[in-house]
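Next come two complexes, and both contain subunit A; in the first it sits with subunit B, in the second with subunit C.
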Partner chain A sequence: MMNIIEVKELTKVYEGRKAVDSVSFEIKKGEAFGLLGPNGAGKTTTISMLSCLIPPTSGDAHIEGKSIIKEPIEVKKRIGVVPQDIALYPTLSARENLFFWGEMYGLSGRRLKEKVDEVLQVVGLTERSKDRINKYSGGMKRRINIAVGLLPSPKLLILDEPTVGVDPQSRTNILESLRKLNKGGLTILYTSHYMEEVEFLCDRVAVMDLGKIIAQGTQNELRLLAGKMDSLKISTIDEVQMRLVEVIKKVSETDEVKIADKAIEILTLQGRKVLPKIIELLGNNSIRIKSVEVEEPNLESLFLHLTGKELRD
Partner chain B sequence: MIKVFLIGIKDVKIRARDPSSFIILLVMPLILILVLGMVFQPLWTSTPFTIDIAVLDEDNGEFSKILLDEVFGSEQLKDMVKIKYVESKEEIINEVNKGKIAAGVIIGKEFSQAIMTGEDTRIKILADPEQTIKAGVIKNIVEAFTLEVLKRRIILGTSMGILVAKNLINPAEIQQLIPVWLSEIENMEELIRMDKKTEKRMDKNPLAMEYYAVGMGVMYILFATNAGAETIFQERRNKTLERIKVAPVSEREILGGKLFGIFLIALLQFVMIVFFTRIFYRVNWGDSILGIIIMIFSSVLAFSGLSTLLASLTKSEEQIGNIGPALAMIFGFMGGGMWPAFAFPDWLNMVSKFTPNRWAIDGFLKLMYQEGGVVSILPEVLVLLGMATVFFSLGIFRLRMKGVKVD
Partner chain C sequence: MIKKVLVIAFNSLKVTFRDKGNLIWLIIMPIVWTTLIGTMSTTGGGDEKIPVGFLNSDRGIYGEVFEEILRKEESIKIVAMAEDDEDKMRNSVKDTKLSVGLIIPGDFSEKLKVREQVVIEILKSQGNSSYFLEELIEKTAHRISINALAANFTVEKISERRVVLEEEVLEDEKERIWEEAFVKADAFFEPAPSIGIEYVVLSVEKRDENIPIGVEASSPGFAVMFVMMGVCFAGVAMVQERHHKTLARLLTTPTEKFSIISGKMLGFFLVGFIQFMILILFGQLVLKVNWGNLPLGVLLLVVSYVLSVTGLGTLLSVVVRTSAQAGAFAVLISMVTSMLGGAWWPIEIVPRFMQNIARFTPQYWAINGFNKIITRGFGITEILPNFYVLLAISTISLLLAIRFFRFE
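Then we have the complex of A and B:
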């Protein structure tokens, strides 16, 4: 599949400090790509450079073959940007805002009206479109913020933490809408420090910290990269005899088994596969199970594994 | 280019929806004009309105005496027009340059003789451009006088022609008879009849309501342009500036749009003040529509430039919100918004010329109290456009230096 964006060693230096340090990645057409990292990782700076808002100190990026340095206007025509902050005029209605932003993207006349109606429908705010933005809830403002990004029918939609400060219901709505758009063929570059959002939406992910990409790949690739085993925690009603340790080790193909009175903790590479065998084993030994907990490695644990700190530090 | 207009129009729409802007930019000046006009009107009319002039009478004839003794010396004018007789034109020029007199009147040699014999003659008026209203009054009086003289000369010429043609009179006797006839015409009708407009203006002096409509109206242009300039910071605060920058809009279009917005907000505000005061306060802004339009545009441009410069020199919405109104008030007072500049001491009169208010007020007053039309306001328009050029150049330069930085 063809790359819609190619980023090569993009660097931004502020007062001697590298906010973004030689970042490189590609995004294929129709892909949802996530930039995951804690606050201050350099995600917004990277997005700002890709949106031609700030020039890079070095490196370059091409969107549909257009350089962000040499052809910024051409790049801007191809992208829709949803900034982290709600960038709307509070005393204008949603419709007036969308008309203005549409005009800024060169839309006019019937095409503009159709496009405004279309994006209002996508974000589900057609009914409230004549209300002023300052009468909207935070979630509704966020949805209009996204609608503006969709106005120019972009080849690439760049979203910079678009769900910050949004209630869970609106957040789910937003993510569902974005997934639908992505399934419809829209390429998405999504930044967030919410691991679950990236996991929900993105095919591939780049993990950023201190201005650098420290890992990138599909979610499965990254999980493997974490090198961390699944954790099975089984709580029992009856006491587990120590004699069962060796049998459990054999069944779960691991030496990492701990037994303490009425609890078993197993660390294995294939948690889901061995769990039924363990349950069967315990049943055969008349040990009743109270609860079972399976913990699999995720992007959060990957980040912890790579940096030694949590995503929301 | 169209994006420049769209950004400007959007700013006007946002401003129009802000109730505080409506009150500050429109209601406040209209109330102030009304209050000041009503409160100070008695003061304006009771204060002796004197016009100092210098007269060089090289004629000393019949008609110069009529102008000096019976026109300027008439009941209506003798307390208002203070005449200083001088011996030379240079003396007049000197007095005008020093600002001691509003105008100098030079009646040339054989002025009366020329009138009686039907030859061309003229009265010269040297006016102090800084005493617009007063010089305008003198000009109107002399114009009314010359019209009256012209009328009588036509009557005399026609009468004499008929009498000589019909051999009812000996041409040699005409010179002796002219003074007698003139005296009789004089007894038959009022000596000087001013046209309606001149009469109104002279009898009532400049009306306080009219003066404050100009003074306050001009002062509040700066309030409006400052409000427009604040939107540059608001745009930054609302993060909408960043969003415009990521759209396919050039920096020139963004800056042009913001400046156009500043201009448009002030233009609409001032035009509304002019219309409102014309209709409800019966302020006569003059007969030259073109002149009024030119003055409005050049004044608004100068103040837009000033606010652009101010925006480039300030760092935040709060700063421009504090400094802007203070500057508008200071310029308003210094520029003659509260009291006519001719009543200022010399030093303040001089200082006031550095404010756009002074030139704008002078221009509008010329349109109101003089009949020179567009030509008469050329100096004011040129100075205002010059100020606009300087302010805009410095402001734009600084704004671009500061950059529409968002990172």
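Then we have the complex of A and C:
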């Protein structure tokens, strides 16, 4: 699959300090790519350079082959940007805001009206579109903020922490909408310091800290990097015979199996794959299960493993 | 590019006028202030008509007709002078108490009747000219000249006919025919007996100009002040835009920076221009201030003044960091420079050094220009210096604003 964006050695220096330090990555067409990192990691600066808001100190990035340095207007025609802040006119209605931004993206006439109706439907705010933005809840404002980014029918949608300050229900709505758009073929570059959001939405992830990408790959690849195994803890109603240890080891493809009366603890690299087989094995041996607990290493533990600090530090 | 500039400008207008607070500051407050302060400072009824001295020495009827025609003009006030008051009238014109003085000679009607050239005298003071008045007087003279021609023509024709019929035309009858023909004179044209007009420019030893008072002073004064405040508030709105990041977001759309800056400035300009027009209409229609003497002159001054405050308003938005700062500076700068510039009281009554300081404010040049039009009935030539100075201020401030414009 072809790359829609190629970032090479992108660097931004502010007053002698490298806010972004030689960042490189590619995003394939139709992919959802996450930039994960704590506040101050350099995510927004990276996004700002890719959106042609600020020029890089060195390096370059190409979006559909167009350079952010040499052809910023061509780049801007191909992207939709959803900034971290709610960049809308509070005294205008959602519809008036969308019409204005649509015109700034070069839309007009019937095409503009159709597009405004379409994005309102995508973010589920058609009914409230005539209300002023300052009458909206935080979550609704965020949804219109995203709708503006969708107006130009972008090849790449860049979102910079689009769920900051919204309630859990609105966050779920936003993430579901974005996943739906991604499944529909929209390429997404998503930054966040919320590990769960990136895990939910993104196929591949780059982890940033202090201006640098410290790891990137698919979620599974990154988990393996953390050097931790999945932990399966199964409590049973019936006693588990010691004779089953060897069978479980074989099924789990691991030697790390402990049995104590009515409990089994397994450490494996493929917890999700192994679990159904273990449940089946116990059933065949007439051992009833009381509870199952699965603990997987996540991006949080990866970040901890790589930097020695937590994502929200 | 132009389309996007217009879209940005009209969006700024929409955002500004959507805010009820802005409407109060832009329209309601200026109207209330203009009316209140104007009414309070009015002395003796405030006659806003242009005073024209009229000395009629004519022994016939045409001098009176001349006066009658001029009296029908709403924007001027005829001050009739006795025949031996010529010196008094000359002094009044010198002192600019009268905008012009008009002298109709004793043989005015006689000469018209025998189709001889006759000269009327218009007195005006040095540096004080009103094309409106001059045009009005010339038009009236021309009209009377044509009427006289028609009357001559009619009497002559009737006399010829009577000769053929061997009937005599009596002198009384001739007079009656003259008057009737005079009324119907519009049907006849050249060659008309010419009425020469001689302008006598009187040197002014001590310039004691007409000082505008009442609504005549408050209408342009407060319009100028509140327009500056309005445009500065638009600058505050841009600081808020920077804070809301809508300005930065504009840069993520495929729009050139120059188009964004131009659109924003055009928005500021339109806010000021619309506000000014509303205040002028209010002054003209409700307060009966004579804004309509020289529409082109008013337009030139309004455009150049609003351009200059657009530059200053944008500069303000560039210099300050927060909207609270911007709001405070908007009020402070508008109030102080307006006081200095003569918006609150006639600049003529303040000490000379304050008058010199006033020249550094755009308000001074705008108000001075409006006074020339409204109070003194001056022409375009006299307001051109004001226009040029305002244009210079506009150019400098707009260039500085563009140079230092910030999106973040």
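Everything below uses one rule, namely that the second predicted complex is superposed on the first by the 249 of 313 C-alpha atoms of A that agree within 3 Å, B and C clash if a C-alpha of one lies under 4 Å from a C-alpha of the other, contacts with A are read in each partner's own complex, and residues count from 1 in each chain.
Everything below uses one rule, namely that a contact is a pair of C-beta atoms (placed from the backbone, for glycine too) under 8 Å apart; a residue touches a chain by one contact, two chains touch by 3 or more.
All values reported here derive from a predicted model rather than from experimental measurement.
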Clash or fit, subunit B versus subunit C on superposed subunit A: clash
Which superposed partner A:Lys77 touches (first subunit B, second subunit C, both, neither): both
Touched partner set for A:Leu107, first subunit B, second subunit C, both or neither: neither
First, second, both or neither for A:Asp85, with subunit B first and subunit C second: both
Which superposed partner A:Ser51 touches (first subunit B, second subunit C, both, neither): both
Touched partner set for A:Met195, first subunit B, second subunit C, both or neither: neither
Partner chain(s) touched by A:Leu157 [first = subunit B, second = subunit C, both, neither]: neither
From 166-174, 184-192 or 274-282, the subunit C stretch with C-alpha clashes against subunit B: 274-282
Residues on subunit A lying within both footprints (that of subunit B and that of subunit C): 51-53, 73, 76-77, 79, 81, 83, 85-92, 96, 100-101, 103-106, 148, 152
List of subunit A residues in touch with subunit B within their complex: 14, 45, 48, 51-54, 73, 76-77, 79, 81, 83, 85-92, 96, 100-101, 103-106, 148, 152
In the complex, subunit B residues that touch subunit A: 3, 6, 10, 13-14, 17-18, 238-240, 242-250, 406-407
Residues of subunit C touching subunit A in the complex: 3-4, 7-8, 11, 14-15, 18-19, 244-246, 248-256
Contact set on subunit A toward subunit C in their complex: 51-53, 73-74, 76-77, 79, 81, 83, 85-92, 96, 100-101, 103-106, 148, 152
